[in-house]
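Two complexes come next, and they have one chain in common, chain A, joined by chain B in the first and chain C in the second.
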Partner chain A sequence: MTDKMDSIFDIAPYSMARAEKVAFLQSSMSELTQFHYDRCSEYKAMIDALFGGCDFSTNLDELPYLPVGVFKHHRLKSIPDDEVFKYMRSSGTSGQRPSEIVLDKKTANLQTKGLTKTLNGVLGGQRLPMLVVDSEDALGANANFSARGAAIRGFSMFGRRPVFALDHDLKPDLLRIKSFFDQHKDKAVFVFGFTFLIWTSLCETLAELDIQIDMSNAILLHGGGWKKLVNKAVSPAAFKERLKQQFNISRIHDYYGMVEQTGSIYVECDAGHLHCSVFNDVLIKDVISLENKNFGEEGLIQTLSIFPYSYPGHSILTEDLGMLLGEDDCPCGRKGKYFRVLGRLAEAEIRGCSDTL
Partner chain B sequence: MTFQALNHSRIAGAESFDDLLKEGPRRIFDPMVVEMLSAFSKILMKDEAHAYPDVVSLGFFCRRANLSIVARRYTLNDAIRIGRGHSVHYTPSNVPLNFCYSMIAALLAGNSCVVRLSNKASVVTEFVVEKLNAILSRSEFEALRNRIFLFRSQADDKLNQALGDIADIRIIWGGDQTVRDIRKASLKPHAYDITFPDRYSICLIAAKEYLEENDKRGIATAFYNDTFVFDQNACSSPKAILWIGDQVSVSRAQELFWNQLDQQMRRKGYKCPASKTNEKLTKIAGLAVSGLEPRVSRSNMTGNVIVNTMPEALENADNFTGGGYFLQVQFEHLAALPVINDHRLQTVTHFGFAQTELEALVLSVPTKLSAERLVKIGNATAFDVIWDGYDLIGQMSKFVLVQ
Partner chain C sequence: MSENNEKYQKCFMEAFPVQKQDLEGLKYQDIPEWDSIGHMNLVAALEDEFGIEMEIDDITDISDFRKGKEVLSRYEISI
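Now for the complex of A and B:
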């Protein structure tokens, strides 16, 4: 298993076509499932209850998964206590319980290597000067910010000396932004931030202030979801168009990822598609029957990652809606499946007695 | 600050809030109130309302004949009973007509009513408000118009305090968090709250009697109405089924019961809310980790999930969820039921038991079921002025001794 894990980083992340990918993933996934089934008694109990036991040779379509909610309620781990390296916590919206993920050195190391390999294609494999579209407070202890904080910390290792573009009130710090772009005029820079903050704190606020900054040298990576922007009726296309017009940024990449599978992110290509790599994969399940959906059909996103050894998070059913668009044939040339995220299922439509708002 | 000075939009009733404040209490089941509700009932029951089953139920409740049955419970005592004054109602967003029942109980108890409606407008709410306005604009009910004030507003501490300052009784629907939030606003010393916090409900079925029943489809329809009209998310929706009988009969009855329910869901074109799919799986995983041996079956057509588990699962309401998720547990006989002494247990819907058996469950020492309503399957959401253990007419009125 370890040999295979080492050699996987020698493979270009978007180079595996379907036949090879399926064979590789199938063996990785059944090994991981067996590994966790033998070492994590909670995982074993869950899989027995949800899937009536476990046939480890099953094909990927029938691979067992955990609903993402279990990480909010259970601390799942497949390693002895003395191998625990650190805990990662996430909290999405306030009031929700955070997920808690147990990492050992090996898993943390795989996550870092995987993220590096994945981002090399976007950032060119060198550490660029980095502008973080967030406040330094996001790295503080405040739990509400921890998801953002974790992402910033994780991506910061791909930049040099990160500069924070926003002040405590999430308003743009004009002096810093200007001097950042002045200082690095003719070379590529890495701009990172949450989709919503880039829209409100950069696009909207700088337009109100009527401030022009040329950011054409920026490679922009953003994530965190579209929910808040959907409320503002901003589409991914409109988002890109605005960044192009306002700041002259043309290298813009959305990414999809979650703390439960850190290091295994899905990055948007120039054709606007999120891509699976050799490290991960996506299946779509019907929201009612949980059966697999075909390309072009909407359903819940199931994410696979080959990195989780310390905790049983290699196959997770998310609460996000998505759609597979194709495989091996994206105009950008990357191999593997590509897909679109259609947002999170809303709790709002449910009827009942609670809440008088 | 006064309520009048704060931002709100009037929906129905008194033209001016000051007019409402001038209103005093009336006696319970005041003839003009009964007259008005009976007229309200007539226009609610007209053909156009048939598209909305909950409007028809409301109309049915307000019939003169029904109101006189309700009133009979209160005629035994010869003391004079009148309202307490101004009632202030916070009503929930997701059970559209709840505001009406709350208001009607308060009116019948002799109070004037200030009712905050949810900001989520619904077709049914608009329909009923329009009819209420029509009734109140009739000259014969002019004297009642100023006793009602329906409004919408943002949730706001200042507004809550302004309403706390005028309330003689405050009725808070909407669950634990809402009760906590609204209670931050103080009341006058003599005033008090009637609260409806988070609750859950269960269902009790005698397997043998079920197997012998001819109208299994009727039971499925009744159970469906109890449950899925509010996505199994109302306090009165059953979250667990307790089956009484030997293992063989229970298994047989379960199979028929869930089959019938699935068919009913399909007849209604009902699919479980997709937003609950992940949570259901998470709940099953939680049961498994707790050693409660969940054995799961789910309908691929409707998304309904049935989980056979152990009695201990019933001890923790966290094991429940809505949107088509039922725990079920088998017991050989009623005496084998565990003691469920949980103030959150509201309704037990039942099939196949005698009145005396059910009463014995409540009256046994210790109480087997701390529920406040034991009603036949199909009546879980049927409103009564006895609700959640409150005698609403009693709680919202006062005795006056004249000697």
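Now for the complex of A and C:
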């Protein structure tokens, strides 16, 4: 298992076409399902209740999954207590409990390496000067291992001496931002932040202040979802257009990821599509019947990741709606499936698991 | 003790609350301070001290005190 996991990082993350990917993923997933089924009694109970037991050789379409909400109610783990290295928590949208994810060193290490390999394609494998569109407080003791803090920690490896663009009140620190772009005028820089903070604290606030800053050398990576921007009726296209007009940024990449599968992210290519890599995959399920949907059909996003060993999170049914757009044939040249996220299932709390324990 | 070795030890002691005698067996994530942010502080200290810019793959390779020496040798720094 360990040897296989080491060699996975020698494979270019977007190089595997369908036949090879299916075979690889099928063996990884059945191994992980069995691993967790044997080691996590709550997982076994839920899989037995939801799927009537488990056939480990099953194909990917039939792969058992846990609804993402389970991690809000149960601290699931497949390792002995003395191997627990740390816990990660999601920020939890209002009125919801945060998820809690148990990590051991092995899983944490796989997450870091996976993230590195995935992002090398966007950032060119170089560490660029980094501007974090957030406050340093996101890393503070209380914020420890929150989703924002975890993302900043994870992505800071790709930067050189991260500079925080926002103050304690999440207002732009103009002096810092200006001096950052003055200092690195002629070379590429890496700008990272949560989508809604980039919109509210950069786009909106700097426009109100009538401040012009040329950020044309920036490669901007943003994530965390669009739900906080829904009230403002900001679409992904409008977001990109605004960044282009206001700051002259044209290299913009959204990413889709979640604390329940840290390190396994889906990055937007130049054609505007979110891509699966060799480390992960996406299936779409019907909202009512939970049957698999075809390309071009809307449904719930199921995410697979080959990294989770310390907790049974390798196959998760999210509460996000999405649509598969294609496979192996994106104009950007990457192999694998590509998809779009369409938003969140309204008031979603997918039920079924907690009651069975 | 070589000058480089002393510099190398100093970087660790700057980045983490550790003493010289703790260094030899020290591994990434052994102490709370050597987490992913602490790791980047260590990398910043090494880059400043030795005047290098490290690649991402090399950064993730520094898994413990000893391994770091091997990684630095890729930048023609012998400890």
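Following the convention adopted for this analysis, the second predicted complex is superposed on the first by the 340 of 357 C-alpha atoms of A that agree within 3 Å, B and C clash if a C-alpha of one lies under 4 Å from a C-alpha of the other, contacts with A are read in each partner's own complex, and residues count from 1 in each chain.
Just so we're on the same page, contacts are C-beta pairs under 8 Å (C-beta built on N, C-alpha and C of every residue); 3 or more make two chains touch, one makes a residue touch a chain.
Since this is a predicted model, take the numbers as computed values, not measurements.
**Student:** Quick one: is A:113 in contact with chain B, with chain C, with both, or with neither? Answer first, second, both or neither.
**Tutor:** Only chain C is touched by A:113; chain B is not.
**Student:** When the two structures are overlaid on chain A, which partner does A:127 contact: first (chain B), second (chain C), both, or neither?
**Tutor:** Second partner only, chain C.
**Student:** Go through the superposed model and pick first if A:212 touches only chain B, second if only chain C, both, or neither.
**Tutor:** A:212 sits against neither chain B nor chain C.
**Student:** With the two complexes superposed on chain A, say which partner A:68 touches: chain B (first), chain C (second), both, or neither.
**Tutor:** first
**Student:** Looking at A:105 after the superposition, I want to know if it touches chain B, chain C, both of them or none. Which is it: first, second, both, neither?
**Tutor:** Touch partner of A:105: chain C, not chain B.
**Student:** Would you check which partner chain A:294 touches, where first means chain B only, second means chain C only, and both and neither mean what they say?
**Tutor:** neither
**Student:** Is it chain B or chain C that touches the larger share of residues in chain A?
**Tutor:** Looking at chain A, the partner in contact with more of its residues is B.
**Student:** Between chain B and chain C, whom does A:42 touch in the aligned arrangement: first, second, both, or neither?
**Tutor:** first
**Student:** Give one of first, second, both or neither to describe whether A:139 is in contact with chain B, with chain C, with both, or with none.
**Tutor:** In the superposition, A:139 contacts chain C only.
**Student:** Quick check on the complex: what are the chain B residues that touch chain A?
**Tutor:** Of all residues in chain B, those touching chain A are 90-95, 98, 116, 118-120, 155, 172-175, 177-178, 196, 198-199, 229-231, 233-235, 237, 271-279, 281-282, 284-289, 291, 293-296, 298, 300-303, 322-323.
**Student:** In their shared complex, at which residues does chain A touch chain B?
**Tutor:** Touch residues, chain A against chain B: 42, 45-46, 48-50, 66-70, 72-74, 287-291, 300, 317-319, 345-347, 349-357.
**Student:** Would you mind writing out the residues of chain A in touch with chain C in their complex?
**Tutor:** Those in contact with chain C are residues 85, 105, 108, 112-113, 116, 120, 125-127, 139, 153-154, 156-158, 160-162.
**Student:** So in the complex, the part of chain C that touches chain A is made up of which residues?
**Tutor:** 29, 35-37, 39-40, 44, 53-57, 59-60
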